Each structure stands twice: as structure tokens, then as C-alpha cells.
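Mind looking over this structure? Questions follow.
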Amino acid sequence: MRLLRLAMSVTAVALVAALGSAGASAQQYPTRPINLIVAFPAGGSTDIGARVLAGIAEKMIGQPIVVVNKGGAGGQVGWTELARAKPDGYTIGFLNLPATNTTILDPDRQAIFNEGSFTPIANQVLDPGVIWVAANSPYKTLKDLLDAAKAKPGTVRAATTGILSDDHLAILMVEEANPGVSFRIVHLLGGAAQMKETLGGNIDVSFDNVGGIVPQVKAGQVRALAVMDTERSKFLPDVPTAKELGMPTVISSSTRGIAGPKGMDPAVVKKLQDVLVKAMADPDHIKRLEDAGLAIKPMIGDEYVKYFNETHEKAKKYTEWAKKEKK
Amino acid sequence: MFDTLNYLLAGFAAAATPTNLLFALIGCFLGTLIGVLPGIGPAAGTAILIPLTFQLDATGAIIMLAAIYYGAMYGGTITSVLINVPGEAASVITCIEGHAMAKKGRAGAALGIAAIGSFIGGVVATVLLVVVATPLSKLALSFGPPEFFALMVVGLVLVTSLAGESLLAGILMTVTGLLISLIGLDPVRGAPRFTFGMPELYDGLNFIPVVMGLFGIGEILATAEKPYREVIRTNLKGLIPSRDEWRRSMGAIWRGTGLGFFLGLIPGVGAIIPTFMSYILEKRLSKHPEQFGTGVIEGVAGPETANNSYANGAMVPLLTLGIPSSPTIAVLMGAFIINGLTPGPLLFQERPELVWAVIASFFIGNVLLLILNLPLVGLWAKILEIPYQYICAGTLLFCIIGAYSINQSIFDLWVMLGCGIIGYLLRKLNFPLAPLVLGLILGPQIEKSMRTSLEMSAGDFSIFITRPLCASLLALAVAILAFAALHFAPKEIRDPNAD
Amino acid sequence: MRRGWLAAAGAFLALFAGTIYLSLKLPLLDALGPGPGFFPLILALLGAALAVALIVELVRESQGAADTHGAEVAEPFMPDGAALFRMGGIAVLLLAAFSALDPLGYRLTALLFITLLLLVLGVRNVLAIAVVALALSFGVFHSFYYWLKVPLPIGGFGL
């Protein structure tokens, strides 16, 4: 009986201590661990970038930053969770543009969040889109590829990493910029499947992002035909941009950035931004992401908001096209 | 050849330094721990431990991560045998035979043979990795979506071997499993199927909560039904496989090694399929197939060996081509990359000393695992002697944490409970669970590979017949089906005339 | 056992019928062949056929047995009272625990869950209950959250 009472008092003390830690003001933010939602299962490139950043940023901000994997439905489950969280600064998460945008825009997905549901805080990575083929492919330049796709429309097999991914939209952009060109689009699941099928000869050309192919390019196993960015990638300095090859509208990339639910306290947002910028500039962070072939492109505050809106507009056009054509 | 040997020896020298050995040991230990904790599978567990390795140098970090990977494979076995909860997806089949053995007081033998089989499978697979890595990887690349589809069809047809007494019930369960696996976003168009408007279902029912419910919670409910639970006492004899069991296991182990390694070469196969195939193979080849399900040691030896051999085999496409075969290996690849080891064809040329040290550490890791786990087998078996109520409480909490921690989702918990009740009912009625699980696993793969194949061929079905490898696999499936029909038909025809 | 199988077969049949209905609402054919509704429909039809075959076989068998062996001894299918209490208790407690995880948080929920569970299963040793419940709730939470960095739910009370 005495032991039972002792157990009860211990529990009571623990309860009081735990209760005391709830509730804080922006001045002292953060006073408890911060949850960082990654909308994909552990181990993907978003997750790895997130863990590296979290590991460095938490030392600077003084509280643990816990990466919470909430995968499912290509990210929709995690973003739903983020949109529904309390905007107190203790739940933030990664947005993947344009995947987040297409999820909002695709009526079949019935997303409960929209472009106004988030507070963009800071972008971390911008991975430009790239068009690539296996090394033994007959297509030596982008022109070869486009000629073939125009000569025999619907026969050149082009792979994406998923329906309505940035790769998918990029294919549509290329088709739009080159009337008469038509690909046979094959939706695979993820970069690994793409690599395998292209090297195995089941796919003629793949649309992916730079970060996914750097090792194989260096090994001479694959050939990148064009990078779909405004400037050349420092990981692939010899590869021309689509702009250089006469297609200035073909700009596509996948970005990963941190956002919170809408309605966050600007002071809290500012504090997070300061810490994240510092963490992203940390040499350890830079080195590890570079090793992974991921280009860091910090965009803070309004710059990120603007980028979000631009990406959304662009995605809208191509998503509607994709749905209409059932591609 | 000599070059390779030289490199390997240098690799051993690098990997066997006291510090690196320590890292490997810690990795094996942590990995086993992760494998034992359900839900946090090897993928998530490895990802969580990545920051731990930031402090170490590249070689040490990678050695530790690889050790974590194997350790996790074995850890999943422990919970499967002891409490019928699969620690990770690939351990499901071990629940069927391994736990049955535990209930007969032979948990030690089950765990022991699993450890030994894993060791042999791992070592042999690593040798094969050294010897045949490059040429075989090219072969594996020719496995495209049509071949994948054919392989899955073969797997599906083999379910007739898992049917047990009633073929009808077996096929019924397979069909149910296939249907359940189709819940979610259609893989090709992205249209929601059977989701009733719930985004949590867009990816389908998560596999781990389903099997944790069917097996773990189902088992708990079934056991709670009995009034008096006798504590399972494991005497010394129960710890070591008998001579007869050794003999039967050896064949299973060698077959499992080959099966696991070769399936590991094909990217995308996943760890569950080799274990299931090994189980089916053993049942087919056994002189007493009707005993399967009651605790037959080759039903543990084969799949567990295949599991570990697969893990090593899957390293081949990773190291030679930079293609990860499964989500767990993708995490490992990410971890490698962060530590400056970029898997891919250039690896052997640019940083041979690092690669060979890693390969050497695969050998060392397997040895360490054996040394770590064999003595502990007795300890693990003793856990079953705790009064049942505490095991029950611990297991349930285990399952709750495990299912929750995958996606921090309460929904997964409801799924688990639902499957638990269904698992209990199925168990009561003696419906076979294995075909259900097989259907669950193969469903998405079959549909996706078929429809992707059709995307590639622009709707032309002949793609399945014109490709030689695919056609041969499909022919194999037809042959197996015909054989099974012949095998079963006479009994059915005989039935109405039976007394 | 027979009645159980009959009931199960009937349940399966209902399940498959429902699936057929839902699949017909999805596009069956696609530009490239099978559409989203195709496979579910085929599978559900197959399943329904199998369920019917199973029912037929069961009915035939029971008729055969009745003719030649007389009435089958009815196996006790439903568990007895005490067993039902235990099983029901486990199910109800699990239900309660899941519902309580978010509002109450892991630590509190686990504490209550383990305590009540052990009581339902017949444990009467108060000290053992207290120690095990505390270890499995607060102890586990601490190891998972702070050491393994795996977040477990924190509820309204901050627990």
C-alpha cells in the first residue's frame, strides 16, 4: 500500500513537471523539441537532406529537431498533416515543389490543403531537371532525340519518376516547345527504377533530376543531354541547358524547402529563418549535400513565397494538359 | 584474380583494425536491437542512426551501417519466433514455422538454426559477390517490367503449395490478399480505389500493421482464449537442433543461399519474396509437406538463410550500378553517399581500398553476428518463461509503438486491431494465412509491372510473349499450374465416391 | 467448424459482391489496356465464384456426413465466459488506448493501458503491476524520444 502511494506521488510529480513545460511565448521560442515533418519514408533524398540539416540546426537553435516521417500518397499524407498542425512553430515540414502543387491541382487527389495553407519559411535544395540516356544510346544530343520523337511520334519511350512529378511536367514542356514531338510516356516509381530500366534498354530516355544521376554520369554509364535550368549545373558542367539549345521555356526542377502551417507568428518565422540560413551555410552541411549531388539554394521568406506561387501557376497549366490528354 | 585477392586482403587489413571491429560490433548490436523493435524496420532504423555515424571516419561509418543492416535482418527473426510478431516484413514467414517451434519448446533451436543459416548464407553470398559481381549485374538488368510480371505470376501460381488441406480456401485467401493490396491510388493513373475518401488509404493498407495484426495480435487473442497458460520450459535439448534437424536444415540452407543471392541481383524484388520462395521450395521438396505449419526446422532454416543471402546479393546492383534494390538498401545507399562513398561503377576504380574494406567488413559482420547471437539464443528463449500476462502486455505495447512509429499514424493502429480480430477468426477456422500474405505482397507488383509493360509497348500484349525471358517464366507458371491441377484433381474426383 | 466455415464463406461472398459493385464504378478499360477497375473486378468475380464453390462443397459434405455418420458433434466454437472476458477486455483496452493516444499522450495512455491489461489478465501483484506499467510507459517513452529520436505522441497534458 505504501508502495502504491509512493508510485502515485512519483506520477503526480512527473505530471506537474510535464504540464509545466507546455506553453511558451515567441520570445523564448523554442522551449521544447520541434517536429520536422518529411512527407516521405526514411532514406529518400528529402529525408537525408532533412536529417543533415536538422542535425546541424538543432545545435544552433538549442532544442532537438526531430524528423518525423509521414509518408504516403506521394507526400499527400505528410503535407495534410502539416497543413492541419498548430501554427505554434513546433511543427514544421518539408514541401516538395512542384509535387505539392500538382497534388493540390489534381482534382482526383482531393487534397484538403491548397496554396494558401502554408507559411513558406526557407528553401534548402533546388535539384534541376535533366534529360538523360544510357551511354550506348543512339541519341548523342538532344536534337537527335527530338528528331527521332518527331519522325516517329509516340514511339520513343520516356520515363518519369511518377505521375504528375516534375519530370512528367518537364516532358510536357518539351513537347510544347517542339510541336510535332510526341513521346510514349512511361511512369515508373522512383529514380532507382528509372536507372534500372534505362540501363537495361527498356526505356529510351529518362527525365529526372541532376542529383539522381551524378555518379553514373561520372562513371560514363549514362549521358546527360540537357539540364533544364537557367544555368549549367556545377555537377555537370559540360552539359548544356535547354535554354542554350533553343528552348528557353523548358525550366523544371524539384525543390525541397521548409514551411509551416498558415498563420505562424512572424517573429517565430524570422527566428527559424535565421537559424536555417546559418545551418545551410555550415561547411559540414554543404559538403554532405554536395557529396549527394544536391545543389543547395537557400530562398528565404518572400523570395520563397514568390517561387512557390510561380511554380504553382506553371504547374497548373501542365497539370490540366496532362489530365486532359490522359498522359 | 590475384588483383582481387590482393585487394580483398588489404580490405581485411583495413577492416580488422580494433576501432573498425568495434564499430562493426556496435553496428551488429544496434542492428539487432532495431530488428527486434517492431515497426521501426531496418529502413527507418538505419536512417535514424545515420547522424550517429557523422562523428566517424568514412570507413568506420560504412562498416557500422552495413553491420546495422544485417543485424536488423536477424533481429526481426527473434520477435517472429518468440512472440509471433514479425519485426520486419521479411520475417513474416518465420512466424509460421519459427513460432510453432517455440510453442513446442524449441525456440532455441529455431533461433540457432536461423543464426547459423544466416551466417552461411551471408558468407557464401559475399564470396559470390566478390567473384561474379560485374558480369551478373549486367544479366540482372535485362529483367524489365515484363519479366518482373512473369516472375510474380510464377510466385502466385506457387501459392498452390501453401494451400494446405483445402485448395479452395487457399486460393480464396490469395484472392482476398490480392484484392486488399489493390486498395489505394491506382499505380498508373493515380485514381483512388476503394479509399472511401480517406487520404490515409491512398497508399493502401500499410503492410507492417496488417501482418503485426494478423500474426501478433491474432496470436495474443487466440492464446488469451485458453484458461491456463503453461509456461514453456526450454531445456538444454531445446536449444540445439537435433541431428535429424541438422540434416534436414543443411539442404534448406544451401538452397536458400542460392535462391536468395540470385534474387538479390534483381533490383526491386524486395526481401519478402526470397523468403517466401524458399519456404515454398522446401515444402515442395519435403517428404512430409503436411508437417509444415507445425514447427518444421527446414521451414526456418531455408527462409532465414535466403533472407541474409538476399541482403548480400542486393549489394551487387548497389555497388556495381548504384541501383538500390529495396527501400532499406536505398537508405543504406543514402548513408553511403553522405559519408562520401558514392555507389556505382566508378566505386571500384576510384576508391578500391574503401570498397574492399567494406566487402571485407561484410564477412566480418556475418561472423560477429554469429558470435553475438548464438550465445544469446539461450537468453532469448528464456524470455518465454516469463509469466504469460507480462509477455502479453509487453507484446501489445510493442505492437502499438511499432505500428504507430512507421508513419506516426493512429490510423495504422486501427488497421492493426482490425487485422488482429480477422487474424484470430481465421486462425480459429483454420484458414491458411500464408496465401493471404503472399497475395498482399504480390498484388501491387503484378498489376504495376503489367501496366508499366503495356505503357512501354503502347498497349501491345505481345510484349509478354516476344521477350524470351518473360515467355519462359510464363511457360514455367503454366507448367506449375498444370502440375498442381493434376495433383489435386484426382482427389476431388475421388471425393463424391469416398465413404 | 462447419458452421464457422459457412459463415466465413458467406462473409467473403458479401465482401466480393461489394467489391464487384465498387469496381464497376471505376473505368474498366484504358487507352493502354486494363484500367483501374479491371483487376479488382476480375479478382472479385473469381473470389465470389470460389466462395460459392466453398459453400456448395460445405453443404454437400454436411449432407453426406448426416447421411452416413449421423449428427456431427457440435464443437464448442464460441469461447467460454472467462475467455470471452479476457479477449474482450484486450480488444476494448486496445480500442481505448488508440483513442486516448492523441488526447492523453503516450505516457499516460500506456500507464493506464498496461495497468488495466494486467488486471484483466489476472495479475494481482500490485508492485509488479506498478513497476511494469511505469517502465513500459515513462521508461519506454524516454528511451524512444530522447535516445532513438522516435517521437511518440504527446497529449493535451503535455505528456
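Per-chain numbering from 1; labels A, B and C assigned in written order.
Rule of thumb we're sticking to: contacts are C-beta pairs under 8 Å (C-beta built on N, C-alpha and C of every residue); 3 or more make two chains touch, one makes a residue touch a chain.
Remember, predicted model here, so these are calculated numbers, not experimental data.
Put simply, the chain nearest the middle, going by average C-alpha positions, is B. Set against the C-alpha centre of chain A, every other chain centre is closer than that of C.
One simple way to say how far apart two chains are is to compare their mean CA positions; for chain A and chain B this gives 30 Å. Centre-to-centre spacing of chain A and chain C amounts to 37 Å, using the average Cα coordinate of each chain. One simple way to say how far apart two chains are is to compare their mean CA positions; for chain B and chain C this gives 23 Å.
Chain contacts: chain B has residues 48, 188-189, 191, 408, 455, 458 touching two or more partner chains.
For chain A, residues that reach two or more other chains under the stated contact definition are 68, 326.
Counting partners per residue, chain C has 31, 149, 151 as the residues that reach two or more other chains.
On the side of chain A, the complex with chain B involves touching residues 41-45, 47-48, 51-52, 55, 68-74, 76-77, 80, 106, 108-112, 154-155, 157, 163-164, 184-189, 192-193, 195-197, 199-203, 214-216, 218-221, 284, 288, 291-293, 326. Listed in rising order, the residues of chain B touching chain C in the complex are 40, 48, 168-169, 171-172, 175-176, 178-179, 182, 186, 188-189, 191, 193-194, 217, 220-221, 224-227, 387-390, 392-394, 396-397, 400-401, 404-405, 408, 410, 413-414, 417, 420-421, 424-425, 428-431, 447, 450-451, 454-455, 458-459, 461, 499. Residues 1, 4-5, 8, 12, 15-16, 19, 22, 26-27, 30-37, 39-40, 43-44, 46-47, 50-51, 53-54, 57, 68, 77, 79, 82-83, 86-87, 90-91, 94-95, 97-98, 101-102, 110, 113-114, 117-118, 121-123, 128, 132, 136, 140, 144, 148-153 of chain C are the ones that touch chain B when the two sit in their complex.
Touching chain A in their complex are the following residues of chain B: 43-44, 46-48, 50-51, 54, 141-145, 184-185, 187-192, 197, 199-200, 202-203, 267-268, 317, 321-325, 327-328, 330-332, 334-335, 337-340, 342-346, 406-409, 448, 452, 455-456, 458.
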